[in-house]
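Shared between the two complexes below is subunit A, which has subunit B as its partner in the first and subunit C in the second.
This part shows the complex of A and B:
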């Protein structure tokens, strides 16, 4: 459904900050019955990864990147009616970005995919201090925790979060993922029992279906 | 924060300023009623609240002033005399001897304001004037608070409160001048509503900021990178003061090694060098493979912006040495930075031999006018290194350097000829090396 022409047109509009054009593209896809995962994977994730690359190559400014982020965050809201219509399965997850991690689109998409699969996804947002995360886990008692990492240099904060969760809740499963793992850091998951690296939304969904 | 028209009424014939005043009046009153200002007027404001205010405002002014200065759509309204960041930096330097940690709440609030400022520049740059209006207007109120600050913190003269004394005796005149220019230029433009909305948004951001500034949540304090560079955004930095000092010294050494950086990027660039070097210091705690990945990433980012990878090599060596001096017990960790520098050098030498880099660099120094040699020391090395970066896969490395260094409005024909010649020679060497590598049997 998201063919190359559509993707390129969307990316162009996103980079130019044409909110309404991006909005129309997404509403058109939703009206045509696109699956949420496909929308996230092939349009939102792909375009935001490309935005990151273009910034890295000095082809766009940090402001362009922030604008693309802002537009994409707004578009995620269009999907909520679909997500919340899913049948619940009485499972809960806490999804969070680690301390000093301010990129939250990935975490939001994970929360949405969980909701779509019937889970209650409690998304704590960007830059969540470890203490706040632990308090929330204590309160909610989720079936798993998912931690998102976009900037690889924040991996120290991620491992501190995992250490703290495993110390207070040893049997609680932890999923980790995010753009940062495109460049490395996969070893982290192997250092802990009950911690799994989820490299894509596809794999997340497959895993959720098994639980 | 008092209504901007207290000094002297703005003419009624100035519709946008009048509208701004009327439509943001409630925000003025609300801000002034917040506990931060109440405590300030009662001379009971804790010093850490005041200093964190200066830090937060430096984040906002750093970004706002950079965006205004770089935006053509608002160029007519901007000149460097409007900058407040230098005043904030002096105030912060005054309090530097006392270590006051950064409060995360105010930093987050300030960063949220800057995020909106950046978006405004992309989406509708003229609305930056709404943000500027708020801060120019606040100068009038600041003047009224200057005596409170001096009394509260026992300050002498303008020490520690230069920001609050912006424009000196000219504050009223400057406000009138600002108002006049805005009204005359914008007339009855259709943008008025969006400019007012920008002012509203800025006030809302300031309300969040001042609520976070008093009372401060002390448990959330630590060093934040914006204390090093107000425009750095969010990224890790050392939490050990010794490491911070070492990173700043290393940054200065790196900056000193290549004169081009100061010439091209100025003090703003130096602040980014400082914050980047602080970030590099945090990498020493990571696994070597991740250290290398992170450094490769930053190399790509910098090289495509006119800063060849050889600069990183030097910075990593300076940094490791400085860190080991002050925290010798972590020398083994810091060695990872040297190892990464060695990897960068090895990658470059696969493309251009060190002997070629040295000889071309020396040739460049011979070719350029004597009076340029010091200001642009080691620029020849940068040129050759950029060619190696490009060959190594960093697209645009040469163009990012060449474009600036061959600008005829900046440089003489002799200089441009020398730059062009060295680049061509380096490219020929690289091409010859590639040919050799690709020959069968080798």
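This part shows the complex of A and C:
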């Protein structure tokens, strides 16, 4: 449903900050019956990864990147009526970005895919301090925690969060993922028992179906 | 180190700041390229106070702070029509005012971060709202199913599971209403309204008599 032409047109509008054009593309796809995961995977994730790359290559400004992120986050709202209407399965997850990680859209998409699969996805947002994360986990008692990382240089903060979780809740499973892992850091998951790197939304969904 | 006048002229022209030279009376006599871009044309020949936003007419060329280490916040109208805030310094040299205006990019970035953060919070709250609404809808649906079940139970005999007297009375009542001529229904409704009105009126009068309805319409 998201062909190359549509994607390129959407990306162009996103980079130019043409919010209403992006909105029309997404509402058109939803009206045509696109699946949430396909929309997230083929349009939102692909375009935002490209925006990240362009920023890393100094081809766009920080302001461009923020505008694209803001537009995409606003478009996620269009999908919520579908996501939250799905049948609940009495499973809970806490999804968070590590401390100093200000890019929350990836984590939010993970939380949404969990909701779509019947999980109660508690999304804590960007730059969550470790103490706040631990307090929330203590309160909610989730079945798993998912941590999102967008900038590889923040990996130290991620490992600190994992250390803290594993220290307080040794048996709690932790999923890690995000754009940062396209450039490295995969060995982090191998350092811990009960920590798994999830490289894509497809793999996340496969895993959720097994739990 | 000696810097050529050519280099100074290059700096003046290319620096991404507002650079103006004013006559003592405040009229602009020179401006760099960036200034022309900001104002959407050359400000030469205009008075400085006509370039700035000064609703209360506080600006006076005689009251200019000439200390170049002290900045004055002044809002201007750009060529696009949008206002923008600049920090200006003034220095009097050889009978002219040398004026620099800069944007505080750190302040700008701080504000941008705040706006982004607020936008994120707003989006997260929207997400929560959708989630809570979905939960509310589900609770309402469950409640309706439970209510229907209660109504159904109340209409049946618990032992035989056959419809009870209440069910048949309700059914009979509904059938009677269905059989009444619409004109007759309107008369009944009008009579009921009249009776309710009388009752309300009576209540108000009674309250007034008891001294509880002071100031109320009787």
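Note that the second predicted complex is superposed on the first by the 211 of 211 C-alpha atoms of A that agree within 3 Å, B and C clash if a C-alpha of one lies under 4 Å from a C-alpha of the other, contacts with A are read in each partner's own complex, and residues count from 1 in each chain.
To be clear about the criterion, a contact is a pair of C-beta atoms (placed from the backbone, for glycine too) under 8 Å apart; a residue touches a chain by one contact, two chains touch by 3 or more.
Since the structure is predicted, the reported quantities are computational estimates derived from the model, not experimental observations.
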With both structures lined up on subunit A, is it a clash or a fit for subunit B and subunit C? clash
Which partner does A:74 reach: the first (subunit B), the second (subunit C), both, or neither? second
For A:178, is the partner it touches subunit B (first), subunit C (second), both, or none of the two (neither)? neither
Touching A:125, do we find subunit B (first), subunit C (second), both, or neither? second
For the three-chain arrangement built by superposition, which of subunit B and subunit C touches the greater number of subunit A residues? B
So, A:84: does it touch subunit B (first), subunit C (second), both, or neither? second
A:63 in the overlay: touching subunit B, subunit C, both, or neither? Say first, second, both or neither. both
After superposition on the shared chain, which partner residues are touched by A:106: those of subunit B (first), subunit C (second), both, or neither? neither
Which subunit A residues contact subunit B in one complex and subunit C in the other? 63, 66, 70
For the complex, give me every residue of subunit A touching subunit B. 17, 56-58, 61-64, 66-67, 70, 100, 102, 127, 129, 151-157, 183-185, 187
Would you pull the subunit A residues touching subunit C in the complex into a rising list? 63, 66, 70, 73-74, 76-77, 80-81, 83-85, 88, 104, 108, 115, 123, 125-126
Touching residues (chain side subunit B, partner subunit A) in the complex: 67, 108, 115, 118-119, 121-123, 220, 233-236, 279, 282-283, 285-287, 289-290, 293-294, 297, 300-301, 304-305, 395-396, 400
The subunit C residues in contact with subunit A across the complex are 112, 116, 119-121, 123-124, 126-127, 130-131, 133-135, 137-138
